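A short worksheet on the structure shown next.
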Amino acid sequence: MTKLSNAQIAWRAAQDIHDGAYVNLGIGFPEMVAKFQPPGRQAVFHTENGVLGFGEAPAPGEEDWDLINAGKKAITLKPGAAFFHHADSFAMVRGGHLDVAILGAYEVAETGDLANWSTGPKGVPAVGGAMDLVHGAKRVAVITDHVTKTGAPKLVERCTLPLTGVGCVTRVYTSLAVIDIEGGRLVLREKLPSMSFDELQAVTGAKLHLDGPVSDLIVPEV
Amino acid sequence: MTKLSNAQIAWRAAQDIHDGAYVNLGIGFPEMVAKFQPPGRQAVFHTENGVLGFGEAPAPGEEDWDLINAGKKAITLKPGAAFFHHADSFAMVRGGHLDVAILGAYEVAETGDLANWSTGPKGVPAVGGAMDLVHGAKRVAVITDHVTKTGAPKLVERCTLPLTGVGCVTRVYTSLAVIDIEGGRLVLREKLPSMSFDELQAVTGAKLHLDGPVSDLIVPEV
Amino acid sequence: MDKRIASVEGAVADIPDGATVMIGGFGGSGAPIELIHALIGRFLATGSPKNLTVINNNAGNGHVGIAALIEQGMVRKMVCSFPRSADPRVFTEKYLSGEIELELVPQGTLAERIRAGGAGIPAFFTPTSFGTDLAKGKPVEVFEGRSYVMERWLKADFALLKAELGDFYGNLTYRMAARNFAPIMAMAAARTVVQVSRAVEPGTIDPEAVITPGIFVDTIVEVADPAQEEALNRAGAHYPEVTA
Amino acid sequence: MDKRIASVEGAVADIPDGATVMIGGFGGSGAPIELIHALIGRFLATGSPKNLTVINNNAGNGHVGIAALIEQGMVRKMVCSFPRSADPRVFTEKYLSGEIELELVPQGTLAERIRAGGAGIPAFFTPTSFGTDLAKGKPVEVFEGRSYVMERWLKADFALLKAELGDFYGNLTYRMAARNFAPIMAMAAARTVVQVSRAVEPGTIDPEAVITPGIFVDTIVEVADPAQEEALNRAGAHYPEVTA
């Protein structure tokens, strides 16, 4: 079965970010979204450790390790950047000042619950800023493969893993579809044209609802 | 009966401020304390509206009205000054970072209760930062005439006027004496040598206790 | 991305009747006189906005700025810590006649409530005001043997602020003690409108020196050589001008 | 008034066994390596301090800084949000063997608890962690229909921080994202000790540019050309040095 690559999922998520939006991208895969801003649009990227308005990674050898993002990767500054301390940074997060936060997920429930920080009691637990981000940004979106590596659905009726937040996710961009979460239901907005509704439902762990037309999810090679 | 002038009360209070202390002086009479820092000692003065390390008033005509204190009087800066916003300013106050706050009083009770913001329900109430200061500074001291203009005691068993704070005052510098408040009792530390203990007790509205020697309150003409 | 607007009139055009408006400034330092007067100008021309709730440390001085706003009858309620000033007559008369409501808040609690509103903290505990009339009716809790009062966040529909430099993305610096409430009010309002003495290109302000990051700012309008409220009052100014 | 001390050894000499120590930095940016290593040096020479509770966003990386502190067995408990790093082995092994305790706190809650400690706010409500394992046992309250978790302030006996400029009164500036937790930790510790890359005369730092006012700082020590933890780790450094 054909599906979108991670880069293509990131590309699709980037199309919904408006010019001038304040955006926080989770560590790892979500960071890829920054590369796909549509021409003519410029988002302002926030990193929890206290920078607003940062740009791409510096060239190798040009890193300044006092200038990093939440993933501890070296970054650069764009004109109009600002530094601030951690309490101010999370005031931005918790206070609803970010337009969108994009995170990865282990599981997303039809209730909007998100599990993305812990796979269970084994090992060293680490949460970082995820629990703050899901309750702060005006819009909390998830990008993820539609199913796990073993083929199990990641969109489910109820999360089984430890929760990051309750009722916080409003849109999920997957390798197969774009799905809104509204009123405790998964509402299908876009799906790969090569796939039938029933095929998509079969790999989704909760009922998919329709509310208006479903568009084709068409993403360029990126 | 001889008594200390306001300037002399301020002088006495200033003797207890150590070098390098962070100090907030209430609007009006308490501001006078700044003039009497002993030679060789330099306190750092805080004003609630967001300045640390300010100095004397500028010469008339030299005022910059963006550089004022909590009493809205023009001030100047000393080297090493800093500006900050109101929430940070009251974090300094409430967080226990000031070494001493010196305020005026309508009444001080033997419990340490202070009434200094309202004389009752008439007129327009206004509180400013007094209620924050009395619960923040490491040491909250009052400077005041020993009695009201009509001769009534200002040191009392229980305040009758609306409270500024409960159990907050630890030392009172009056026109007649220096009195500590310890364990719900007024403990006399210094009194004018011209006055007997009984004479002082007669103009004090709560019992004066002794705990160690009472020194002579001797203040130069200032 | 460019948050500039050409005129103070445009900057205040959307404030509706009944809005809650935070206004920067402590006394005259930081008072956004031109924005306030533009709001009064709009009211004189259109009858709106009125029934405003205004949050400021004070309640106006003389007959300019917030005092003029009150004098025009545009303000239903003041939230402040110290509604007194060198010339507080405008507020005093309306307060004593029952035409304006007052919510009196200790200054540090006012600042912290505003910061909480901007930081997504709906309530917090403070020792300030415990045992006083201003704590009446508020929940009290004991932590480590000491009593604290629970206070709620304070938010606004609009903030009207004055800053020194503002870049087109809304990054701000202030001038000396005029900073006071502006950085926290910028956080706590749904829409933050700032008059800046100089609008500059992004990159002009050192990222280390930004006091209010642009994420908290919606609109900037350049007002070069802004009026200083204290100076206006010392010159006996009225807004609108009184003609003899 | 002059808060300078001559050596990092002197700066950390008073930290006792069992102390709670906030250490600035996020990953390697802002990590006060020289202060931490001076503390380890003292422990190696005297056996103290030990049984420390360390508050930092992370739990060390490689074998320098906080990781080295943990490796020496000086730390009883870590309070952090993300005890993972490029090379987290030192913490991981001690955690899994039960030799070190972990209090895991969401990053924004960690920051806000520290700020609350510095600001005299014993408790506050946050939406963060509501309904999750990290909220278990904590009071919950509903405000305007939304549920919030009550969190308590966090204070420390000492803060060890790194800054860029520091004047003799303790006014500080930072370098880029190395600012992170330092300004709030400076507020929340009974004694704040700061290594500065350059100690300057009062008046050198523009009062508008001061990030941490000196009231929050007790001791500064100049460490010119300080080590950067990330650079040390990329070079495979150990503290103390491993001799083959």
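First chain written, first letter: the chains are A, B, C and D, and each begins at residue 1.
Following the convention adopted for this analysis, a residue touches a chain if its C-beta (ideal position, glycine included) is under 8 Å from a C-beta of that chain, and two chains touch if they have at least 3 such contacts.
The chain lineup, named per UniProt: A, B = 3-oxoacid CoA-transferase; C, D = 3-oxoadipate CoA-transferase.
No experiment lies behind these values; they were computed from the predicted model shown.
S.K.: Could you quickly compare A-C and A-D and let me know which has more C-beta contacts?
M.R.: Pair with more contacting C-beta pairs, A-C versus A-D: A-D.
S.K.: Measure off the straight-line distance from the CA centroid of subunit B (3-oxoacid CoA-transferase) to the CA centroid of subunit D (3-oxoadipate CoA-transferase), and report it in whole Å.
M.R.: The separation of the two C-alpha centroids amounts to 36 Å.
S.K.: Taking each chain's centre as the mean position of its Cα atoms, how many Å separate subunit A (3-oxoacid CoA-transferase) from subunit D (3-oxoadipate CoA-transferase)?
M.R.: One centre to the other, that is 30 Å.
S.K.: Which subunit A (3-oxoacid CoA-transferase) residues reach two or more other chains?
M.R.: In subunit A (3-oxoacid CoA-transferase), 51, 83-84, 87, 90, 93-94, 135-136 touch at least two other chains.
S.K.: Which residues belonging to subunit C (3-oxoadipate CoA-transferase) are in contact with no fewer than two other chains?
M.R.: Those would be 112, 115, 119-121, 126-127, 174, 176, 207-208, 211.
S.K.: Taking touching chains as linked, do they make an open path (line), a single closed cycle (ring), a hub with spokes (star), an all-linked set (complete), or other?
M.R.: Topology of the interface graph: other, matching no listed pattern.
S.K.: What chain-chain pairs meet the touch criterion?
M.R.: Taking the chains two at a time, the touching pairs are A-C, A-D, B-C, B-D, C-D.
S.K.: Across the complex, what residues on subunit B (3-oxoacid CoA-transferase) touch subunit C (3-oxoadipate CoA-transferase)?
M.R.: Per the stated touch rule, the residues are 47-51, 64-68, 72, 83-87, 89-90, 93-94, 113, 118, 123-132, 135-136, 162-166.
S.K.: Can you tell me which positions in subunit C (3-oxoadipate CoA-transferase) touch subunit A (3-oxoacid CoA-transferase) when the two form their complex?
M.R.: 1, 115, 117-121, 167-169, 171, 187, 201-203, 205, 207-208, 210, 213-216
S.K.: So in the complex, the part of subunit D (3-oxoadipate CoA-transferase) that touches subunit C (3-oxoadipate CoA-transferase) is made up of which residues?
M.R.: Contact set of subunit D (3-oxoadipate CoA-transferase) toward subunit C (3-oxoadipate CoA-transferase): 112, 116, 119-127, 141, 143-144, 146, 148, 152, 173-174, 176, 207-209, 211.
S.K.: Which residues of subunit A (3-oxoacid CoA-transferase) touch subunit C (3-oxoadipate CoA-transferase) once you look at their complex with the stated criterion?
M.R.: Residues in contact with subunit C (3-oxoadipate CoA-transferase): 19-20, 22, 42, 44, 46, 51-53, 77-84, 87-88, 90-98, 135-136.
S.K.: Can you list the subunit C (3-oxoadipate CoA-transferase) residues touching subunit B (3-oxoacid CoA-transferase) in their complex?
M.R.: Contacts found on subunit C (3-oxoadipate CoA-transferase): 26-30, 57, 81-86, 88, 91-92, 95-96, 102, 104-112, 114-115, 126-134, 174-184, 211, 228-231.
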